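In structure tokens below, several structures.
Note that subunit A is present in both complexes that follow, paired respectively with subunit B and with subunit C.
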Partner chain A sequence: MSSVSLTNPSNEAFADIKEEISAEEAADPTRRKLGVLFWICVGWIILVALAATFASLLPLPNPNLGNYNSVQNAGPGWGHILGTDDLYRDIFSRLIYGARVSLVVGFGGALIGLVVGGIPAMISAYRRGRIDTALNTGSYVVLAFPAIVAVIAIVSFWGKSMFKITLVIGLFAAPLIFRVVRASTLSYATRDFVLAAKALGASDTRILTREILPNIMPTIVSFGLIAVATIVVLEGSLAFLGLSVPPPTPSWGNMLNEGSSLLSGAKGQTNPWLVIFPASAMFLLLISLNVVADKLRAYFDVSEIKL
Partner chain B sequence: MSGRRLLDVEDLHVSFATSRGSLRAVQGVSLSLDQGKTLGIVGESGSGKTVLSRAIMGLLPRASTTQTGSVRYNGTEILNAPNNELRKLWSTHIAMVFQDPMTSLNPVQRIGNQITEPLKIHLKLSKGEAKETALSLLMQVGIPSPVERYEAYPAQLSGGMRQRVMIAIALACAPRLLMADEPTTGLDVTVQAQILDLLSQLQHEREMAMILVTHDLGVVATRTDEIIVMYAGNVVERAPTNVLFKSMAMPYTEALLKSTPRIADPSHTRLTAIEGRPPDLLNPPSGCPFSPRCPYAQEKCHLEKPPLVEAAPGHSYACWYPLTASNPAATPDPVSA
Partner chain C sequence: MTRYIFKRLVLLVIIIIFVSIATFFLVHLLPGNPTDTILGPNATAQNVATLNHQLGLDKPLWQQYFIWMGHVFQGNLGQSYTTHQSTATIIKQSFPIDLELIIFSQIIAFAIAFPMAMRSARKPNGLFDQASNSTTFAMLALPPFVIAPVLVLLFAVHWHVFPGPASYVPIGQDFWSNIHTMLLPSIVLALGGIVVYFRLLRNDLISTLQEDFITMARSKGLSDRRIMWRHALRPSSISLLASAGVTIGSLIAGTFIVELLLQMPGLGYQLISAVNQDDYTVVQGITLFVAIAIVLVNFIFDFLFTIVDPRIARE
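Presenting the complex of A and B:
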């Protein structure tokens, strides 16, 4: 503005500038674009989720029964579009049914982690005091223990159902989520607007849900999605060790496990597709989750809206 | 002083537990405020004025502070009252305008939500009624096109506009007492006067009592009935506004006034600053807390702490060698010399 008055332009020029500024503001006051990549990734996650949910309605061959009229360990082609494994089973069908395990364990585990870790984290960070110190120390203790070892130990004793695996992984994700949610709650709990809300007579519940939660929501959503991605990998690792859902139920991890023995041709046969397809499926799901997490964080950040 | 007594503070002490010991932020402050009147609390940063105003409202964290004395609102003791008791007073009886409009609004809530929230909680207004009230409040505090601003986020408003919104929120439930804690510190000088005039105008319209906390004597000069000057957690001078400016007794008050730039000064006049820093409240000096920085300080000042005495009706000060008395020490003015 000052440079405008210094150069002393005509009033018309000034009016033009003003018009330009207000037009720019009117066109795009609050919305930032999420971008094409975001929508491709969201689309992919939804597609995988829908396919996994309605797998039994799709015209797919039984994932656990081999088609002995087809070729063993076939590559992609007609009939079996992604080929078959060494038990003559359809890889495409197994991939889709396998997505069920990854998605249920991934999203379910993250949800359990958010409920068990996130809600106490908000209350504890807002209230502070001894309980907060105790929970905080407790979360350090649990985090110091390698989660995968603990999960392996528990799962091998307790059983390998999908529900049990989800629960155990969710509980081990909780301390990490606790730390992240606690840290971001802390940074808002002492802000002036929280004190201002208190001075207006808002209850603690109201302050937590209306003042603090909307502010930490971007963090929760993006970290939650990254937790989903991490848990999908963890389930894959368990399955690779034969500690996830028992065969013949397909999961991407145990497909990798089964396929790995056919990579080198030690059995006289090689079928790299057995590894390539589940690995690609996992890769695409993970990168989609990460992109969505990152874009959402930027999008939700209202405080970054330009004036 | 006429009108009903609204607020009575007696011998209020506030101390914080810190790792280096107890920090005595407010040391025995007494004040009172009648309905519809304005009290100014003046002091530099760290003098305890914000802590005092928050202690009166009961907003200090309970775990780390010790508060003793008495704060009576309308005759009811509210110091150390439980939060659910205070919640009945907050916003409907006592409300506060905070110092920094940039941080005192929730960045992710629309302006409208933030104004209607207390209306819905305390006055049990319906959504429609609350919106109507909120729009008229936004209008009263001078926000242009309130319908559009109602939907805006705080980041889309300027500092002055945000402070107006803060005032609208504080006034939403028609409080009897408004605490304004440095309401204009975060704002441009040009906007400051507007905001202060707005506060005074709304105060008169609503016959509301107001406590105006500031470091600027110029701000309180024309807008208050009584002024309390604080230094290092103590009240060092207390007087009706016109008396204070006519015959200030405490050298600190004089120093505060001298450190305000004046329009009448010739250009390039060097602004007088108060030498030194406020004392360490963890380790307060013996004697008068202002003595290390006081140009008139005598030996007695360094040794004995002067009590707050009422020298004239309504005018009390804590000083061994006040400026008004025929005081040989005060005659040479070392600042202008």
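Presenting the complex of A and C:
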């Protein structure tokens, strides 16, 4: 009896578990799979980034200078694929050059935020103590200040260059990134493998970079992309308010601003394409960033980490 | 509980002091001097010194801060250099527009998010749930500055359902045309709220519907509708209402954008015009007002829902 139950049931039990696993997989097929949509979105972001980087090598008309032989406010067609704006400039060319602003400010700002917010967050969450309490309270205090109002005030007094905007937005993203990185570092700082590394005499730097960092990397990457999207929105809002990179340099936000200012018809002309194309470009970039971040988060299953 | 509220109060005071210092130094430490702005490039050294003295700019910075704060506590936020209106008057005239926009947009957001979440939570992963999840996910990629021009293009310029830019009517002048002009910007602002509220309420409802007291209610033979309305909704909506404070704070960028787009003279519109005219006292005054208003709204919501749901304080 007992010998039978020792040899046989393991198989049965195993079959049961197998069934359960496959049932789980059927219930949630996205688990551990990134899916086609993910790769389409990654591809789109890379395509936009490549086009923006090599814009000057592409056969594009000058984005800042109108060709007065072409039609003003033309719709999409031959010659100008996406039409022209009120100053005879090629919309497609302006969109590609405009992507530079969104991408540089978005990724640059997130990078600044990660360095200024993320590194102190790891150290402070690992060491704890008074500095941690102070930094944590500090991050609450800075986060309470509405970023858009602060950024408007700073940029308006300091200047509107791309570098300054990236720096200011990046610094304002830092406390949020601080909170996220701190929370996920905390969840690993007291785990057994960290204790083991400590017992083996590893230095704090080694523990932070070799033990903790690889574990919180998925959170950093996925939240970093959300931060990029948030910063792109913030820059776009500033540009729409006329407070980002000054014209004639194109950005998607100031193109939308130009398109909107023609909407009322007060200037005697309207150009719906100057609203539709930049809006679509912005939507596609943002949804790609969101999809990539969301799929990565689901893939690494870091949903249990809360702010 | 008292300890929690006390801690929050201390944090509130720290935040308000920080906000006031940040707003003050923002203007005083950055390049660009109010005296130069007022007098222009051809001012003599004598004139500059006199005006600096008049404005109190020759005193040490910390003294200037306390003088400024003293004025602020008396409701004196300085005077515009271009229109000579007091900043307090500008705020008093434009703030009701923002308030109306925020209230309308929140009503719209709740009116859409609640039924949507309740329908979704009845059958998680069902057809309706999947559709509304994807829709709200896509809406995340439509911030106000992207969707507002598109909606104005479609509904105001193309179909003439709503009035276009520069047609704002004060509420005291004509109630119904005021509502009519407010609808489009409120819908734009509501979109962000719908996403947040729908997701929070849907997730909370799904977890509440798995609790024992719901099974109990079901076994008593209560209808699904009654269980949803009488038993599940109330415990599930607390985190949503508590988040409303933060959501209202995040609306501020959106109100600036719709005000500029539709040329409605709200706080955002006034702030941007002041920025464009280097009117630094107005920028300073509006920045301080908006920042403190947002901090207070967050605090009040936080406080209210600690009383409604004492579990928050213990977390």
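Methods note: the second predicted complex is superposed on the first by the 262 of 307 C-alpha atoms of A that agree within 3 Å, B and C clash if a C-alpha of one lies under 4 Å from a C-alpha of the other, contacts with A are read in each partner's own complex, and residues count from 1 in each chain.
Operating definition for what follows: a residue touches a chain if its C-beta (ideal position, glycine included) is under 8 Å from a C-beta of that chain, and two chains touch if they have at least 3 such contacts.
What you are looking at is a predicted structure, and each value in this text was computed from that prediction instead of being measured.
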Touched partner set for A:256, first subunit B, second subunit C, both or neither: second
First (subunit B), second (subunit C), both or neither touched by A:128: first
Subunit B versus subunit C, judged by how many residues of subunit A each one touches: C
First (subunit B), second (subunit C), both or neither touched by A:211: first
Which of subunit B and subunit C A:203 touches, first, second, both or neither: first
Subunit A contact footprint on subunit B (complex, rising order): 57, 59, 63, 87-92, 95-96, 98-100, 103-109, 117-118, 121-122, 153, 155-156, 158, 166, 169-170
Partner subunit C, residues of subunit A touching it in the complex: 137, 140-142, 144-146, 148-150, 152-154, 156-158, 229, 233-234, 236-237, 240-243, 253, 256, 259-260, 263-266, 270, 272, 275-276, 279, 282-283, 286-287, 290, 294
List of subunit C residues in touch with subunit A within their complex: 11, 14-15, 18-19, 22-23, 26-27, 30-32, 137-138, 140-150, 152-153, 156-158, 164-166, 249, 252-253, 256-257, 260-261, 271-272, 275-276, 280, 283-284, 287, 290-291, 294-295, 298
Partner subunit B, residues of subunit A touching it in the complex: 29-30, 128-129, 191-193, 195-203, 206, 210-211, 214-215, 217, 302-305, 307
